[in-house]
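Okay, so subunit A shows up in both of these, paired with subunit B first and subunit C after.
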Partner chain A sequence: MWRYTVRRLIQGVITVWFIATATFAAMHMVPGDPLGSERATTESIRQNLEARYGLDKPVFPDQYLIFLGNMARGDFGISFTQQNRSVNDIIREAFPVSAQLGVLAVIFAALGGVLLGALTALNRNRLPDVIIMFLVILGISIPSFVFAALGQLAVVRLNDWTGQSLLPVAGWGTFQHMLLPALVLGLGTMAFLTRLMRSSMLEVVNTDYVRTARAKGVPPLRVFWRHQLRNAVLPVITVLGPAIAAITTGGFVVELVFAIPGLGRTFVEAVQQLDYTLIMGTTVFYGAFLVLMVILVDIIYGWVDPRVRLG
Partner chain B sequence: MSSPHDYAPHDYAMTVDHLEVEFDTYGGTVHAVRDVSFGLRRGKTLAIVGESGCGKSVTVQALMGLIPMPPGRITRGSAKLGDTELIGLRERTLNRIRGNRIGMIFQDPMTSLNPTMRIGDQIVETLRVHRGMSIREGFKEAERLLDRVRISEAQERARQYPFEFSGGMLQRVMIAVALACSPEVLIADEPTTALDVTIQAQILDLMQALQREEGMSIILITHDLGVVARMADDVAVMYAGQIVETGSVEAIFHRGGHPYTLGLRRATPSNAPGRAQQLEPIAGSPPDLFHPPAGCGYFARCPHAMRICERRMPEPFELTEVSGRADEIRHRARCWLQHAQAPRTEGVNQNDAGREVS
Partner chain C sequence: MTGNLTLETLETHDGLRARGDPALPAVRLVLPLLVATLTLALLAPAADGRLREAVDAESRTLTLVLEQDPPQLDSTRSTDTVSIRVLGHVKEGLTRYDERNQLIGGVAERWEVREDGATFWLRRDARWSDGAPVTAHDFVYAWRRVQDPATTSEYAFIMYGIENAEAVNTGALPPSELGVRAAGDHILEVGFERPIPFFARLAAFAVFLPVREDFAATRGDRYGSSAADMLYNGPFVISRWSRGARLTLDRNPHYWESDAIWLNRIDFGYITADTRAELNLFRDGKVAMANLDSETMHNALQQRWRIHRFDDGVLFYVGFNHRPDRLTRNRNLRRAFDLTFDPHEFVNRIIATPGNRPGISLFPAWMQGAEGRLREEVPPRPSEVDLERARHYLELAREELGLERFPPIVLLTGDSPTANKQAEYLQSMWGQTLGLEIRVDVQIFRQRLAKMTAGDYDLVLAGWGPDYNDPLTFGDLFASWNLNNRGRYANDELDHWVRRAQNELDPHLRAQAFGEIQRIVAEDVVVIPTYERARLYVMHPRLKGVVRRQISPDPDFNRAWIE
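Entry: the complex of A and B
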């Protein structure tokens, strides 16, 4: 398990390096000089940047190596557009917001997906199954901004109807602010996980070892938890990495729609304003974060499935 | 094929009477088990033999409440473990019997254990459910049980997962699980079919040794007559959802009274000395269980079929036994050849043969 973890971490570092290099190359291929007069807002920022990134030197290898060195030290540089603010500061402020939202969305998606999937499988072809699976198809095919708009509309109606402001429609600050956007953000993934969990549960319900458990006189609830759910959930864990990635990128849209000051919105704004350092910083940060998540999920999988852990 | 009062003078651990099981499928209703009755003598091994699909597994699954319902249905019959009726029990009551008074092992040990649970935990589970043991106590007991099924280094093995075991070892584990609560009855559904020949012998030896030590009764399902000869005291021959012949292992092997039993015998390789005969597979196939025939199920394949056979299924005839041993179960066959007026038939042990002489 240790060797496996170390190997995965090394692979992860290589992946992040690749992402960083691609980002660097892309930034230098965009037409126009990143430090062209319209972009670099003030003279002081411009001088700062020139000194820092060796912009008077050739792009390759000098600038590239400086860039890599900075990234390796975790120094993402200074924003092009927000005076005197380092990219690190901006990320440090915005990321926790996105992380809270994302974690809540992942919890919604994973718990909802696992429970709904198990429920539909155990009631196969009966009414709850048919209804939920219909909603799942909607959930998979409808984009999240539509859900966002519908969700906001529903909350407005609800608040009107009760005459109280039960849930805020947008913004950030309290737990109530998080609920609706997290639900919207997790919905597509929840639908996808429900479908996966359902088919995996259907495979498990009639396995030989479930029959053995019954033949042992194990009560139904325990058969469900210990024998069916635990084995059925394995395929769901393997896709949790990509699911986290989907929720992370989904955050771009949801944070914009709900006016949430998270990293997703920061990134979209950075692109709109061509804030090169901020784009590169957030891209590499996102890359590293997702790589880490995937490794973490793999390790968790190994912990749940002894064949991976010990085999 | 008999009613309970016929069972005397034997002491039965389990009796089954007029059991019928059906399955609803897209193609119609499958009559998988049709009027099956038998008795399992205490401390003895009853083998149920018959070709694939004849209803052996469904029969024992019905006793264990393991028939998936739907699509399955037990439409008739009774099964008693001692004085306890098993058919129609509520799940909760049944769960006090399964794993406790009846243990069961299956054909494929590789898939019959939970891949994500330690071996020890899977044994402990039975002990916790039925004996209320703590995990620590249970683990001690699990190690002792692994020892009993001749698994060495039990302490270490109990902490391993199924994928770290071979098929033969896993079947030993299954036996340990099944015997954890010292059940009165062990049901083994083709316990060696999925294993190598040498391993098969080891598992059978183990079952025999444990039976001697624990005195449990065994229902052994197999289609291997070699296994029957080695293990069984009594035999029930099943065909197309019905039991067509029952008797002691000697009666079935040497004085078979039903043409299917004889066909089965000739279709099986034999390593008994002086028996180097040619193998003759039984021609044809069993009847459609969607519409089981009114007459004898073996009619289409039987070399001795008569007109009555197509119209009516015979009730069991009792064969006069030449051994005359009191501890043998009765020899019965559901075949018109056992009728007093049936023509004498070469190779079939017939009732009238004995009757005419006396």
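Entry: the complex of A and C
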């Protein structure tokens, strides 16, 4: 178990290095000038800016090696757009926001996905199944910015109708602020998990061991909980790790629409602005986060299902 | 309306209750998660618990949206409109614009602008937010800081004309050689290299704001990056700045004219560029103002809200690449483009949001001349559409260029929906009228700039907003030495008139010089002006005294009140 964990971690470090290198290369290949601004700058200011960000040296190997060295020390440098803030500070402030939102979204998604999935499987081809699966298709195919806008509009109507501020329309700071954005953020994943849970539940619904359990006179609830759900939930757990990372990182639109100061929004804005240091910082951070989640899930997987032997 | 969709999706949770048995054991799964959720709820900060209202006359608070988090608020380095808007509320320069957009004294009580320099007499009651007086030294320090090449201030060029500014900025002289000095605490002396007749108006611009040396020195690189890392001398101070989330301004009791400020608090409670979210917040009564775009305008119309408009000052145009190796260097070709373009049709049918003005001159309609509007003093030539002459010029151009037929012409443009719509129109219009193949090259902002600077285009959709309230902010745009002249247009006659406008002190002769610049730009088709942009917005009916203007800070809430 320990040897396995250590090996996975070393693999993870290599993966992160690979992600960093690929992003570094891609970023410098993308056309555009990170120091360009609407008002043209004089040559001397331009040179000073380049020196400040180390762009006066050749991209390879100098800039790349400096970047790797700094990354190894966990220092991502100073942002190009927020000129007197370090990328580390920006991530430190923005990530907890995305994480809080993400955790709640994952809770919504996992809870909804597992329950709805099980429900559809047990009611296969009956009305609840048809309705839920129809909604699932909507959930998967409708992009989150549509849900975000509609959700916001629904809250405006609700507040208007009741004459009270039941839910905030946008903003950040309290738990109420998190509810709607988290739900919107989790909807896609919830729909995906529902479908996954449904097919995996269908597989176990009529397996031999379920039939045996029923024959032994085990109460239906216990059959569902012990024999069906526990076996069917495994694939869901497998995708949960990447799903957590995807949710925490994929919240750009939701963060924009709901005026939430998260990292997803920071990341996309950095890409739009060609903020080299911020792009590298967030990508490497997200990459490491994703790799860590996958490793964690692999370990949890072995714990949930003893048949999976690690080693 | 598809608005019910989300509600339906939400209701699927109710489906659980319909089925009793399999859901029950799930309670064991639900329960811990519920506990976790509630714990999270308790842990979440409760400071903002009270939901804010757009206007609150009792506490004299105004809540608004900010389109983006200011990248930083060190005034010597600010370039974007949001930063300059915030700075315009928390700092005050030598001069400022009042509610009727007239130039009045800020920290300076009175001033004198001569051919070789200017003197500003500072008021003795101007204070920093820590109570210390604002002195001439604070301006000397700030301006030297702007010109210091280590600061990498992108707006340093705007001070060129002050003695030694350019030499300091390029590193040839130390910052202490900049031609600005304090004659005592309350007199600021500025020396000019060449006359700057509009210097008092220029001094209202953000990079001219004061910075106190002893304070900035203790903050180093962090100066301007948080509420605590700044010192204020304006009507308001930043009391709280949660990066990306919220920026709150509170009344500055040390401001010399604090009695004239009605509001106690301006709360930029939401930071988002999403106009739909902004409108929803407005509709929910949470913010006092919302900017409208072509989409949200229709919603505002449906709600029958009063829609306000104002000229935001920006002129848009089709720019040409005048570099020697480009076809667009040929004047007859440019005239052919010009004679087929109808700015009225462009504004009414293509942009199609109300309020924009057709582009007919390099100088927008709101620009001030010697006494009144510049447009009235030196009227521009009316735009004309003449297909026959256009084709004639095109034929001339083809012969002059020695071409069998024209190769495809590249039209560079940004990636916004508006820019795309405009590019598509021009592509098909010039295809039909002139039979030219226009290739649209869509690029993100920074890449479009890079391509413009490198000269990798024939035509470009571009715009220019004013930095200061003088026609020269547009007038020198195509001077051969101007780095923003990215099409590299060079014309001795135009340069001559730009120099005249720079150096002439007599306002009527200056207006004439601008008239000549306007004529040359039109006759030589340096660019084709397309439109002057208007901004549309909705505002809380009880909010009064908000000033909109073409020169930042805009909008200005300093003297606003709630009825």
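Operating definition for what follows: the second predicted complex is superposed on the first by the 275 of 311 C-alpha atoms of A that agree within 3 Å, B and C clash if a C-alpha of one lies under 4 Å from a C-alpha of the other, contacts with A are read in each partner's own complex, and residues count from 1 in each chain.
The criterion applied here is as follows: a contact is a pair of C-beta atoms (placed from the backbone, for glycine too) under 8 Å apart; a residue touches a chain by one contact, two chains touch by 3 or more.
Not measured: the values here are computed from a predicted model.
When both complexes are superposed on subunit A, subunit B and subunit C end up sitting side by side without clashing.
In the superposition on chain A, A:Arg230 contacts subunit B only, with no contact to subunit C. When the two structures are aligned on the shared chain, A:Gln11 is found in touch with neither subunit B nor subunit C. Contact with subunit B, but none with subunit C, is seen for A:Val218 once the two complexes are overlaid on the shared chain. Legend: residue contacts after superposition of the two complexes on their common chain; A:Leu256 is shown touching subunit C, with no touch to subunit B. Of the two partner chains placed by superposition, only subunit C is touched by A:Gly139; subunit B is not.
In the superposition on chain A, A:Gly112 makes contact with subunit C only, not with subunit B.
In the overlay built on the shared chain, the residue A:Ile45 is in contact with subunit C alone; subunit B does not reach it.
Partner contacting the larger number of subunit A residues, of subunit B and subunit C: C.
Once the two complexes are overlaid on the shared chain, A:Gly171 sits against subunit C while remaining clear of subunit B. For the pair subunit B and subunit C, the minimum alpha-carbon spacing after aligning on chain A is 13 Å. Taken together, the two complexes place residues 220, 222 of subunit A in contact with subunit B and also with subunit C.
The part of subunit B that touches subunit A in the complex is made up of residues 64-66, 68, 91-92, 94-100, 103-104, 106, 108, 111-118, 125-126, 129-130, 161, 163-164, 174, 177-178. Remark: subunit A residues 206-209, 211-220, 222, 226-227, 230-231, 234, 304-307, 310-311 touch subunit B in the complex.
Note for the complex: subunit A touches subunit C at residues 31-34, 36-42, 44-45, 48-49, 52, 81-85, 90, 93-94, 97, 100, 103-104, 107, 110-112, 114-116, 118-119, 122-123, 128, 131-132, 135, 138-139, 142, 147, 149-157, 159-160, 165, 168-175, 177-178, 183, 187, 220-222, 224-225, 229, 256-262, 265-266, 272-274. Here subunit C touches subunit A in the complex through residues 2-3, 5-10, 12-13, 15-16, 18-19, 21-26, 28-30, 33, 36-37, 40-41, 44-49, 51, 65, 69, 71-72, 74, 77, 79, 149-150, 152-157, 169-171, 221-225, 242-246, 269-274, 276-277, 280-281, 283-284, 286, 443-447, 449-451, 453, 467, 482-484, 486, going by the rule given at the top.
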